[in-house]
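A single structure is presented below for examination.
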Amino acid sequence: MTFPVPLTGVVPPVCTPLTPRREVDVPSLLRLVDHLVDGGVHGLFLLGSTSEAAFLTDHQRRQVVEAVVGHVGGRLPVLAGAIDMTTPRVLDHVRAVTAAGAQAVVVTAPFYARTHRSEIVHHYRRIAAASAVPVIAYDIPAAVHTKLPADLVLGLAGDGVLAGLKDSSGDLGAFREVVTGARAHTGFSVLTGSELVVDAALALGADGAVPGLANVDPHGYVRLYRMCRAGDRDGARAEQERLCALFGMVAAGDPARMGGSSSALGAFKAALHLRGVIDCAVTAEPQVPLSGEEVEKVGKFLAAAGLL
Amino acid sequence: MTFPVPLTGVVPPVCTPLTPRREVDVPSLLRLVDHLVDGGVHGLFLLGSTSEAAFLTDHQRRQVVEAVVGHVGGRLPVLAGAIDMTTPRVLDHVRAVTAAGAQAVVVTAPFYARTHRSEIVHHYRRIAAASAVPVIAYDIPAAVHTKLPADLVLGLAGDGVLAGLKDSSGDLGAFREVVTGARAHTGFSVLTGSELVVDAALALGADGAVPGLANVDPHGYVRLYRMCRAGDRDGARAEQERLCALFGMVAAGDPARMGGSSSALGAFKAALHLRGVIDCAVTAEPQVPLSGEEVEKVGKFLAAAGLL
Amino acid sequence: MTFPVPLTGVVPPVCTPLTPRREVDVPSLLRLVDHLVDGGVHGLFLLGSTSEAAFLTDHQRRQVVEAVVGHVGGRLPVLAGAIDMTTPRVLDHVRAVTAAGAQAVVVTAPFYARTHRSEIVHHYRRIAAASAVPVIAYDIPAAVHTKLPADLVLGLAGDGVLAGLKDSSGDLGAFREVVTGARAHTGFSVLTGSELVVDAALALGADGAVPGLANVDPHGYVRLYRMCRAGDRDGARAEQERLCALFGMVAAGDPARMGGSSSALGAFKAALHLRGVIDCAVTAEPQVPLSGEEVEKVGKFLAAAGLL
Amino acid sequence: MTFPVPLTGVVPPVCTPLTPRREVDVPSLLRLVDHLVDGGVHGLFLLGSTSEAAFLTDHQRRQVVEAVVGHVGGRLPVLAGAIDMTTPRVLDHVRAVTAAGAQAVVVTAPFYARTHRSEIVHHYRRIAAASAVPVIAYDIPAAVHTKLPADLVLGLAGDGVLAGLKDSSGDLGAFREVVTGARAHTGFSVLTGSELVVDAALALGADGAVPGLANVDPHGYVRLYRMCRAGDRDGARAEQERLCALFGMVAAGDPARMGGSSSALGAFKAALHLRGVIDCAVTAEPQVPLSGEEVEKVGKFLAAAGLL
């Protein structure tokens, strides 16, 4: 399929199910993809933060993209993260995921090394010049410790370097600046990564959403998207509030025992396991697993949201 | 050679010279190694932050270790960084650099993903269990945005998980806690990565130093180390102050135009080029090159320190 | 007047006009109050961050509250910040602004000293116990370097300690958690301090807004509020976008020459001066004044928004 | 007495004993001053962070300075913090503490409001111009969230604006830059606020130290200072290590129950109470008190250091 310009709708960052020995569980992954496609999602984003991209080896990353691209067979667009520290390493990932069939790549600002605005610009220009597929900027300051400035993103949009933005910064004011500024640039897609304000993001003009929680409840986010597009803002608000309550599962893990990633990704996987979508809820190392009691909490969130 | 226990002395994080096309310049790299060995250094640390490890592809990383290990031929110990986001990816690098001949690996806390003390402990335990060579913790909060707590390091030292610490945190009080606590653990090596307080670190009991600036002036840091060991603290102070003045070169680059990494690593490479050690001062992308005027500034620092 | 429960509508954080010698310019302040009242605002928030509370002496703070309370004469509710580092100092300000006639106090988490969740809870409990008027929590992490957790705020709301929240965190997801949680607590007022997403905040259920930019364009924010309440979301979005464009003035000052506070507060005051509301645009020390050219930029923002 | 130029030696930031009702306990304060003077300290720093300046009301601050200045009667120099958010508020404190007899004022960068290098420079210039006594810069990024750059401090030293620096940044490399740079400026005093590396700071040329722990063990820090000045670096190292072990008391409080300030200041006061110097160990609100068990831990640190 041609990559849609601009990309719109619900594009979940697909979780990566693992076996108990922490190999990619391809059958579970494909069942998860079916679950999402059945839910009506408009695209799939592989190898994002929710996909545990930071934890997957190069071999596993390639496995994930190949398996999903092959399974989807062009029914909907497949994006893949090319998450690494700097330009040369990202370029290697871009080549790998593109060879494996990804139709767009999602790229953060450089991290680990101290960076600078001019270096971020050069980073995206070099990657776009070398990439056979569209490049989408991934703004995730919690991970890379740099916020992509709205005017930088819009400048690169105007120059045709970037095809879109996935915003996980949580800063809706800055997001809005990109949304309104991007109206001048046809084909640029502005997507929110914030599970909790998708209705607000769409109301102010976003093209779509990339909510990690859509792994657990794709139908809910697709319903929300449709209500927003149909102008049913009160319906959308009610649906969004239901999803916000469900999102409470990300705090199931005890913060004295584990980090936020272990808790949130552990909860998503536990929920997918409880819903019968994946075989095993294990997360990659060095993440800490949820306890039995914590998994029960996740179950209660599912039940309260009508999902169990 | 057997890896020395504990590792002591001056162990520079070796710069990675590149060709104008940004391939690893092996002849320049080996000349740099000779320059360091001639300077009397006690070990070599490849693929650290000063080595631009964050910018080197997997292929380049392997090339660097193989070339240097082969060239050194066991004359002095060679450590290599295994810098990546999480346990599974670090394990791949550990295998690669060990296969290429590194005699110890240097590993940071997880980054990109939010982490937790218990996850950091698990990270190091898993890596040490899988590594054929000693594991040295790399504390570099400016890059990974987590500080390794002294008691965590000492706990892992006591359990034989860690063989040493390379501390680039700049927090000499916490460093001292590790130094004094580590006296109970034979074979644990505590190394400072702070160019500016090597005399102080050695005076309080550190085993050695890993100063990036030692690429430019290995003789100076070796002199400093010997004076400290000989108890000539006033001589050491004078030598350290000369090196502190030389270190001013890291600010040669205009902060309005580039980040701190571009400026500091650009200055080290410019200095090595001016001193005739390497062929080309280019740094990896997306770093911004120093201007001609900025390179001249570097030359003035060299001249003032008696190195040009 | 009785303090309205819950407080709703547009409640600007009132700028504090100064004379060229940096004394409080009471006549200008009262003209600004009239300008806001004429604009239809629903309350006034004195001594907030936009009011330069951090820069005003105790004498000046008292002067501001007395002058405005006397002038307003109960026509609309007057809130006052009690901004200081810790409980005992805040209590002194609470007494002072209450004596001067403020009908509610607005209080941040402790700052300067390292704090803890349990200390923040104790802080608010002590202040509420001692205060003769309602206490509103002020969440402004950019200033105090602590984010008030939603569940902490809701707990204190449930216990009757807090009468409301002024949220300047920019985190709309967490804000929403307070808004939906607060439905259980009658009389608790949830107000956004983010100029750029007032429409979104109201759509998800906020009671009102405290936008600094409403000093410059109170009519705009009141119009926006009314459209949101009337369900005219497209009209609201257009008005909000006009205000977002106007908000661009906060970046009028050169970041190489001044901080964000100098630029933003300098722009608000320059705009009020250009609109003929206040006599002098000077800001408190050590802020840097806008240049003539930068003031011209502010004028262009006003003109583009139809305000000049 | 004339204020010594430069100020040298051990200058403890004096704790502020409180009564159970949290009023300043003047008799205990004066006993603490006697304890310090008997210990041989070279000056007293009132109203610093260790003094809980952030928690003291204006009335209490004045009380502290008046009581101590009167009691000391010129036997040794008395400095006082003028800790507040911005220039106008700091100027009020400067006037107050000077009127109460302080012979120098200690001033941080602005906080709460976002600031800028040029604003910090202006802040110190304005304060020095208005102050009747010398102004010492207080670099405490953990509290004010800005690090004073070495070249800024040296520039103001060269212009005669600043008479000294109290460095609580923990960054010994930057501290050294000030120490070596300040040799050009007669009368400028460089003091470390880091309890754990006083020997190192003095060895590299610092004029003195402002260690909070010197409240508990003034004799120890004075001994350390004298050994350093006498060139007995091994003796100094042993004494410093004893003090480092004693400093472990600051972690006596459970981090799940209280913040770092409650724990550290609570431990200092508990130690002073256990040693019979002050009547009551209570800290200011909203700090959490140490439990009985935690106070016992403090006692064990005292016993291990030979102080109980």
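Quick notes on this one:
Note that the chains take the letters A, B, C and D in the order they are written out, and that residue 1 is the start of every chain.
FYI, a contact is a pair of C-beta atoms (placed from the backbone, for glycine too) under 8 Å apart; a residue touches a chain by one contact, two chains touch by 3 or more.
Here's who's who by UniProt: A, B, C, D = Dihydrodipicolinate synthase family protein.
Computed from a prediction, not measured in an experiment: that's the story for all the values here.
Across the assembly, the mean Cα position most removed from that of chain C is the one of B.
Put simply, the C-alpha centre of chain C and that of chain D have 35 angstrom between them. Among the residues of chain C, none is found touching two or more other chains. Every pair of chains that touch is listed here: A-B, A-C, B-D, C-D.
Against chain C, the residues of chain D that register as touching in their complex are 22, 49, 52, 54-58, 60, 83, 85-89, 91-92, 110-116, 118-120, 122-123, 126, 142-145, 257-262, 284-288.
Note for the complex: chain B touches chain D at residues 170-173, 176-177, 180, 194-197, 199-200, 203-205, 233, 237, 240-241, 244.
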